[in-house]
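The structure under discussion is supplied below as structure tokens; questions concerning it will follow.
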Amino acid sequence: MKRRWIITTLFLFLGYMILNLTSVTAIAAEFPDYPVPEECLQQAQKEGKLHIYDWADWWPEEIYANFEKKFGITIVRDNFASDDEYVAKFKLNPNAPYDVTLPSARGMIQLKALGVLSKLNKAWIPNAVQYLPEENQKLIWFDPHNAYGIPTDSFFYGYAYNVKYVDSTDPRIGSWGFLYEENPYAGRITMLDEMFVVVGNALKYLGYSYNSDNEKELMEVRDLLMKQKSRVMAYDSWPKRLVLEQEAWLSNCWVGDSYFYHQELDSIRGCLPKEGTEFGVDPLVIPKGAPHPAAAHLFINYVMSPEVNTQLILGIGYTPNHKATREMVPQSFKDWPGTIIDEAYLQKCEVINEKALTGRGLEMRSKIWEELKR
Amino acid sequence: MKLRILFLRLISLVTYIFLWAPVIVIIVFSFSANKYGIKWDGFTWKWYAALLENDMVRETCLRSLVIALITVVVSTFLGTITAYGLYKLKFKGKQLLRTSILLPIVMPEVVTGAALLLFFIKLSPLQLGYTTIIIAHIVFSTPLAVFVILGRMQRIDWSWEEASMDLGATRLSTFRRVIGPLLMPGIAGAAALIFPWSFDDFVITYFVSGIGNTTLPIYVFSQLRHGSTPVINVIGTLFTVITLIGLLATKMAEKRSRTARL
Amino acid sequence: MTRSNNQAPYAVELINITKRFGKITAVNDISFAIPQGEIFALLGPSGCGKTTLLRMIAGFEKQNSGDIRIQGEVVNNIPPNKRECNLVFQQMALFPHMSVAANVAFGLVERKRPRPEIKQKVQEMLDVVNLVGMEERFPHQLSGGQKQRVALARSLALNPKVLLLDEPLAALDRKLRKEMQGELRRIQREVGITFLYVTHDQKVALSLSDRMGVMRDGKIMQIGTPLEIYETPQTRFVAGFIGSCNIFSGRVLSKNGNGMRFEDQYGHSLCVPDCKLTDKDLVRGISVHPEMIEILPPHLAGSAEKSDNLLRGKITDVFYQGDFTELTIKIPETDCRVTVHLSRSKDCRVPLKQGGEVVLRWDACHSNILRD
Amino acid sequence: MATTAESRLAESSRVQTASPETSGEREMKRRHRFQVATYLGPIMFVQVLFVLAPLSFILMFSVLKTGPYGNIVFELTLENYRNLLDTGYATVFFKSIYYALQTNFVCILLSYPLAYYIARYGGRWKASLLLLIVIPSWTAYIIRLYALKTILGSNGLINNFLIDLGVIQLPIQFLYTSYAVSAGLVYTWLPFMVLPLYAALEGLDSSLWEAAKDLGATPVRRFFRVTLPLTRGGLLAGTLLVFIPSLGDWLVPHLLGGSKFMMAGTLVAHKFTAAGDIPGGSCLAAALAFVLLLLIYFVIRFGGRESLEQAL
């Protein structure tokens, strides 16, 4: 009896000990050939830790591992699986003590509106200042001059299809219509499980604004989606397995995903619909009250160095934002539809804005979505 | 008569197959060379090797283990004294208390999780983290312990307690020497119920976890999103095997102690 | 087993004890005392408050008012585990997870006695209850009588100032009960500890105790030696409970030389011995033990002596009981029924059949006076 | 001085005995209160602080407003409750209740024979047979759901098996249908039905069956007139243990239903996250809790609290 208690207590104690030991001791860094502001580095190393809140299983693990090794700073990561989850976290807890977070444009807009973001110290992130292109910045209405967030990449929506099963001569390929309208692939279609995306792209297909809050237009979208639902196999934001196992033949996805499907399965093709779509960026932002602000800046600067950013882009397959990365990616990557965007296509795209995110627009979208999932 | 037993056997067999099929799939595919762990592509040990190298699995696993252990200890203790009080004492508002103890069990986990989250961040000085996870787990599992142990108490002859006091034992010593050992099956049963629950809980933990305390189920969930990786199958296999071994060991120990006594 | 000489004369004293459970009064202003070294039996029907009384002495219930003294010391505020009296439970309450030896040693271990002493004491106690060699058994491996002995040994091991026994023999079968009664007496003589024995079985109480008290509805009706209680019950409850006596209500008409003339409610005139201490107005009835009544054929009724009581009646029921035969006899034209126990050795000149006419006869000195 | 104190003492003791509450009674009450506080104080503390307070917190939030970006505006409104009635949440609720009932029903159909078999014919294998039911549920829930996905998929085991047998030519779509959701729910919660049912059946005295048989009841009548009524407690407990979690389930419709429809639990989670409407979500959670409490009330009312608690 007594012995059992001792063992239990010991176990508990041991457990806590090991939990506390998991942090790796700092390794002195050899410094890379890109500019690192001395003051930032010193403060960051004093802080010694970095709390990151980002997408689960997305960015290549080496990016974090190399950063830890290089600067001797321990990274603690928590993950979210959707913008909604991300926003909800901050809405419920505006003081969530993260240093760097990686929302998408929508998440950043909402966080900024909630007033939880802090302004970046540009002097500490020379890489970002140097390599970010001007043209995107006009579109990113919510953050002029990248004052609050540094976009690490851009994203567009499209779809992937499997030529083994899908008739690749169908003239509608290249348009959202192929996905949204009647086609012979009922039960083999997956849609993203994202309200704004599914509704917004349907609006684009019908020739309206991605951010429309017009009741008539949205009602049309509703009818389109309700009709489409009978053909949809699943609303799944991560249909990778379904696509690669060839259970799903036509799959709504981020452009970068189709590139990776193709790497693994030859018969997968990608499509960037001609009607245009949402143009978004994935910015790194620093919440107010971040406990390790210098480490956060150090990390952003690190991610925006050409080598690391190229490593990132090739790891996620998204559209590079970074001037140098655009040159450094291999030709095969550049050739995939949607990875490098020309100015003309960009004009057809829209950045999400408050018309969709608030008031009538949000209400209508929620209603459509809830009705769709009923 | 014969036909009826046959029918019962058939349904039982089907149910057992239904319950075990996914587990067997997990175990078999943990040895499959298939990259997504969903097909048989030849035998391999490589996912087991991969698990050894995966820090995240080790960390989250340990974390879940510690949380589950603390939860078990605290909630069985709390459950025991509560069950004792509920069983032995009469007072006003007892029915109300019993009903309110039932609440966490009957609330959907989503509601409990959301309520606790709102409460922790808006009203309590606690930072989201181990403490909040453990509190949430205790809140949920104590009622389970209370009712399991209460069930056991109904089977105890309470003159044992009086006999012990009568023979000069204090309340504490009575509990340690008499009531405690007799309640043990109930307490162990409660622990056996709570431990796997706490270790496996996703919903409540998902709501109340803070920074850097991703537990195993949450990690597994985020990994599985992108298609199941075989490493997850390995984790599942290991748990099943460890549970089985643990159970067998207890059984053997029980048997031996029983024979030793005779 | 030597006890100190300067002990109080009484092992247990109860002084005006009252216990209420809500509105129900379980024990109503009871006072009595038990001298050292006595077996005292508390007899009463279930629900009369005897177990409550016992539990109050043991300390499991607290009286609403009154004092309990154990060897002269007031123990009202002493918790059960500090009182020097031990209780043997009706269900025995042996700890199922402990061996016989561990059960017996339980209280000694609690008192932190040194190991050798405990061992010796356990052996001694097992010897007293005739259980040597059973040390390593577990309660579920014992028979009812053996369990009883273990329970006894467990309580005696602590050398209590008084041992409280709560119907410990109720669960045993007849033969075993009888055997254990003898054992209890023997053990009590051997250890010299005061026993307070609670039971609803009048036979056990009569045969076991030195003195006994009869309880009803939270009150003590009568205290005395078994002989006194059996022979001269003072109330009809005691008379009925102790020996299924025949009871005749009525009053005393007159006193004469041989005794008193008593008339019962049906107008029968009966002869009652004159008790010097009894004022005739206090006599409310008489009781007669069924085994004291003789049966005569109707024609022999005239041969009775003056002091004899005679009643005519008809046999309504005959119950053969083995060592005796129980007859129910109805006195014609009244509701009065008399029970008679006919021992086998007594020769009976009447055919024992239903409807047979008989004369009942008993000696006046076997009529006992009741005061209620 | 001393004498006055003494006399006062004597007086006070006299008053004590004269008053209806004697010192013994008072002492008893004090001890009783102390015991209640020791044994039940901790759980009361936990209950008040971490159960009742958060739940009332939810109630409080449910009457607040949502700002344009989902921030909470501290302004009282009943709009959320009005929305509850006219935005079709009722449909979701009814649908979830339907699914939960269906799950429950299938669980009973599967568990009753199983529990009956173990209880009556299990013999010395009883404990092992029960463990075989419990062990699968000790492997992480999410992993098992994914394995179920693997089994049900159109390239999955069942379809391959059927195709190999030649029963079907083309795979049947199981996954992402309502059947998959039902299967998932049944799969997850089945053990929680078997265990209380087993406990109830095990507690039945077999002489009852014999008595019923002796009185000439046919097996069917025997079941409906003796066995079923006597296991009502287990059945009710199982029903609660299955019904409640399946009503609030979040992951099963998400993983196995392809997010094509929501159950009550999904809806609450959706409101808290995607829709970003915390007051709205709180309101839905409160409504869900209310529905469940109503259910529990009826179960306790008609089934008896004891049977429920015992089966737990």
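A, B, C and D are the chain letters, set down in written order, and residue numbers restart from 1 in every chain.
In this text, contacts are C-beta pairs under 8 Å (C-beta built on N, C-alpha and C of every residue); 3 or more make two chains touch, one makes a residue touch a chain.
Just so it is clear, the structure is predicted and the values come from calculations on it, not from any experiment.
Q: If we look at chain B and chain D, which chains touch each of them?
A: Looking at chain D and chain B together, the chains touching each of them are A, C.
Q: Please identify each chain that touches chain A as well as chain D.
A: Joint contacts, listed by label: B.
Q: Return the chain whose centre of C-alpha atoms lies at maximal distance from the corresponding centre of chain D.
A: Greatest centre separation from chain D goes to chain C.
Q: Please work out which of C-D and A-B is bridged by more C-beta pairs in contact, and write that pair.
A: If we tally the contacting C-beta pairs, A-B comes out ahead.
Q: How many angstrom between the C-alpha centroids of chain C and chain B?
A: About 56 Å, centre to centre.
Q: Between chain A and chain B, what is the gap in Å from one C-alpha centre to the other?
A: 36
Q: Quick check: how many Å separate the C-alpha centres of chain A and chain C?
A: Result: the chain centres lie 90 Å from each other.
Q: What parts of chain A, by residue number, touch at least two of the other chains?
A: 92, 245
Q: Considering chain D alone, which of its residues make contact with at least two other chains?
A: Residues 153, 155, 272, 278 of chain D each touch two or more of the other chains.
Q: Using the touch rule from the top of the page, what residues of chain B touch 2 or more other chains?
A: Each of 38, 118, 181, 221, 228 in chain B touches at least two other chains.
Q: Which pairs of chains touch each other?
A: The complete list of chain pairs in contact reads A-B, A-D, B-C, B-D, C-D.
Q: Residue numbers of chain D touching chain B in their complex, please.
A: 32, 35-36, 38-40, 42-44, 46-47, 50-55, 57-58, 61, 110-111, 113-114, 116-118, 121, 131-133, 135-151, 153, 155-157, 187, 190-191, 219, 240, 244-245, 247-251, 264-265, 268-269, 272, 278, 281-282, 285, 288-289, 292-293, 296, 305, 309-310, 312
Q: Which residues of chain D touch chain A in the complex?
A: 68-72, 87-89, 91-92, 95, 153-155, 173, 175-176, 257-262, 266-267, 270, 272-278
Q: Mind pulling up the chain A residues that touch chain D in the complex?
A: Going through chain A, the ones touching chain D are 82, 84-85, 87-88, 91-92, 109-110, 113-114, 187, 190, 193, 195, 229, 232-236, 245-247, 354, 357-359, 366-367, 369-371, 373-374.
Q: Give the list of chain C residues in touch with chain D in this complex.
A: Against chain D, chain C makes touches at 62-65, 76-77.
Q: Sort out for me which residues of chain C touch chain B in the complex.
A: Those in contact with chain B are residues 58-60, 79-82, 86-87, 89-91, 93-97, 106-107, 110-111, 138, 154-155, 158.
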